[in-house]
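Think of it as A, B, C, D and E in the order they're written, each chain with its own count starting at 1.
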């Protein structure tokens, strides 16, 4: 499996470098372009139908909350899985290593949509056949659709981020780990205080890209009846039979979410400056 | 379960009806066609976009920046819907304005168009990075020998950037193959949709989704073999892993 | 001024980078067979002068003629000049063989491919003819065995010799060298200087920017000392090195020894 | 053999990397207040010896005692030794302050965080106490102003001084230096040697591997000359440098001057 | 020669109206109906499966030309598209898990989760009558998914066209898990006046041709002939 070169992830996702600076807006041609753009916006909002908007506003707000909840829960859970996945690929015994590698290859080699449906329709339809599951405390959750969405997105994030963490763990200079051991740190302390934070530090720029990619994956859960912002907009489309307006609004919403996410990550990255790279 | 039938009914995958194997395979071929078409279109857009971003005027640069930013910040699923409905509609409106008859855009063409536009933005970024990685002295030397700008691009810049671009472009290919699955949501008969149809009709969900997974995985693994061959060829001129 | 015996004539050349005027009116003539060495302190504008000759750097004012043909220039509206005929520039460039400090060999081509690239794709020579000439040149600079290797696998000295062969392959009217040895480890300098020395013996027209004073004195028939964007002094090597007139040149020479 | 006045005692140490026997029975004692300089040609095993002392490299045979306490070892089944009590090794390591050739500062922490890391997270000192000690140490090596900078933004000499402060922060019984200046530019070497010289004046126990012979002669009270994995000669600096006995040492010393 | 007309319908199994077979062909009552109408109206029809939730945008943006996909004629839809005369009309049913007896009324479904397909009259109906009276309405992209979730126990009930439900209850899976709870109270304003062919607004000539064709196959017996293959009652309704 070719591991994704970090620069590719950057190419795929919007990263902090892509944010325009404030002063860059005030170049003559930019002002012209913005004027044209503003006219376009005015025209669009004038000629298109937006009367449905007030009615759906509360639902949209809720949908955004669901989307963000999906994003954060699956990124965090996925990252927690990614750390061991990356680590065992660097130092683990071979069965674990092989398992992690196979896992990452399979997940990265198949479409997320398919994984999602496999979990929801495939696995989900097996559960009720076992009375033990049906009567267990888990059943109320297994009846819902969001656990499947969370599971699929988490697994996917873990596999992609696991590759990144593998590179990050392997890339921590051996000397720094040796220095830690020379100071009498136990293996766990070395990992907790030096190896892990240093690896995360190295992986942070890539992590930004991966998180944006994860945000871009969340709307897939709408296909299994999770009511995220995409599902709400789908509902608007079906209720109003409008083709463009809801989708344009949706694109705008994701654009804003991405922008905010990237800004937040830039803050985080700036906390530990790196030189050069 | 009251049903004593075998847990997995492999005959459902047989190549001739009543097995669904041939349907899955034709879905796979559709997927591959779209992936190849979309990837190629994306590459064309990417070459244009990268050169435009690097050497174009300020307005072109800004427009391209908008293009890549929007595509990279908005989910593929949303883009696919927008492009699928709006893109082809706009083309026909333009044709109407130009007094031409409305073109009949086939599903395949629409799919290629949609994937191509998305891939184009990614390729633009990958290629731009790769071109920037070519040492400027190489291009200057070409100019010093009297090469015209077109010659410089075709003889020096494009081939010299390949080793830097290939890892990124390989990833884009793998992404293109998987993004075709998203066309399922607009009803295009690629592998994922026919899988769902087969699963829905036969109720053998697990079996068919796993089968499709194996097909996608095989596509990825086969691609990887070719990618590593290409990569090795392209890196010939580079002394050490850059 | 447009005398075809003059391989290169530079007239009153000015070059300005934003607020910094790097060349402040330089005139220079290289007749056929001349070997001109340009010397001077760091930042004095030597590279800039050389790069203006083949228009890699566009001058702010002044003119350049190659083999009696003046490069047509027009005002570019931003206070500088731009060539009015791109084709002419490309044609004239292909008569100048430039060797860069950092070699700038094309990394995606083998040494031989580097050498035949311009003859085939700029001058339109038949490929087998170009290969024959190219191999002869590579043999001459001692790199025949390496013709199918990629540049990255060669030492700096070998790369610079390949770059010289590449420049010779277009059978240039004039060879331009910009500090061809300063990116090399000391032990590799000699092999490159030897090749350049051979070219000088053949009476090939050359303009070279160099920090190797001993070498300049040996091979050049004319030395140009550039200081702060002007030609401070020029003349035959013995005069320049043996009896420098200007204070600056005296200081420069003593600082080197 | 287990005398607490002996800060470090190495007995008949062997170390083998596959077919290559790097240390062939080395014994060495450092009493409290000793400054021992290990010298020798490249590949003679100096670094390996130093790294065996704190078990960064596991010896094939022999024993190491620190402050009279012998590190318990057991056969590892592959013809080597392994510590039988990991906790003991960790505890003893935390009494040795090691300074590496390439600094190995933790890049994700500021200088001060580097310095207080081991006191707080290995020795369990209270954080504010560690900060007070750490700041005092940084002031001492002249880096108090840089305490909140990240290592990547410091010069090599500053990084090495920070690494020394980091090693001192655990109030080590012995300081171990492995060529602390050889990764530095010549003009930065002096500032690091000055700091080490100060430590020597305080009679701090130190073992240092160095190529700076003049410095070794000045600060060390005992010189160990290692050749081909054995101690070829040892003694006070004046004897070793002034009247070398063995042929090898004579050759080594003359090769350096 | 006849102009080509793209006939859109949901790209999902919706037996017995439209479902794909193992060779990738579509079959079912509605496929037969479409063939008969097109033959009668001398139209060169091409079967074009599309995503159900985008089927009206697909029609308005000319990706397809008509919809023959069990689409009920409702006032809401008539704002955007036009319809031919109805070509079938059947009551609306509710099914539930075997043994879980309840009435398909607002009271009977209160507190339960009911599944419907999006963009259908059932979605509107269920939201109005059940959703506002204490039931949770879950909306699915396809009818098949809703049925599947009922079988998987993730739903308590599914509301849909009674014939589509009947086909499901007759399938292996449906037989085991589920049964019909009854028909819902009719509300013609929502449930519409039957199923018609969806047409873009303003294409009156096409609409006239289709209406004539529907009338003709009803009268010449073609309609009854192919209907008999699927149903033992008159699907055209009153």
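List of remarks:
Everything that follows uses one rule, which is that a residue touches a chain if its C-beta (ideal position, glycine included) is under 8 Å from a C-beta of that chain, and two chains touch if they have at least 3 such contacts.
It should be emphasised that the depicted structure is a prediction, and the values quoted were computed from it without experimental measurement.
Fewest steps needed to get from subunit B to subunit D, stepping only to touching chains, is 2. Think of subunit C turning onto subunit D: fitted on CA atoms, that turn is 180 degrees, to the nearest 5. Inter-chain contacts peak for the pair A-B. As a whole-number value, the distance joining the C-alpha centres of subunit A and subunit E reads 37 Å. In terms of their C-alpha centroids, the spacing between subunit A and subunit C amounts to 54 Å. In this assembly, the C-alpha centroid of subunit A lies 21 Å from the C-alpha centroid of subunit B.
Looking at subunit A, one finds that residues 121, 125, 223, 243 touch two or more other chains. For subunit E, the set of residues touching two or more other chains reads 54, 57, 61, 145, 148. In subunit B, 1, 81, 85-86, 89, 185, 196, 205 are the positions where the chain touches two or more neighbouring chains simultaneously. If you check each pair of chains against the touch rule, the ones that pass are A-B, A-D, A-E, B-C, B-E. If you check the complex, the residues on subunit A that touch subunit E are 121, 124-125, 127-128, 134, 139, 142-145, 223, 225, 234-235, 237-238, 241-243.
By the touch rule above, subunit B contacts subunit A in their complex via residues 1, 58-59, 62-63, 69-70, 72-79, 81-82, 85-86, 89, 122, 125-126, 129, 167-168, 170-172, 174-175, 178-182, 184-185, 192, 195-196, 199, 205-206, 209-210, 212-213, 216-217, 219-221, 224, 227-228, 231. Residues of subunit C touching subunit B in their complex: 54, 56, 86, 89-96, 98, 100, 102-109, 117-118, 121-122, 150-153, 170.
Across the complex, subunit B is touched by residues 1-2, 4-5, 7-8, 10-14, 18, 27, 29-30, 33, 105-106, 108-115, 117-118, 121-123, 125-126, 129, 212, 215-220, 223, 230, 243-244, 247-248, 250-251, 254-255, 258-259 of subunit A.
Across the complex, subunit B meets subunit C through its residues 135, 137-138, 140-148, 151, 155-156, 159-160, 162-163, 236-239.
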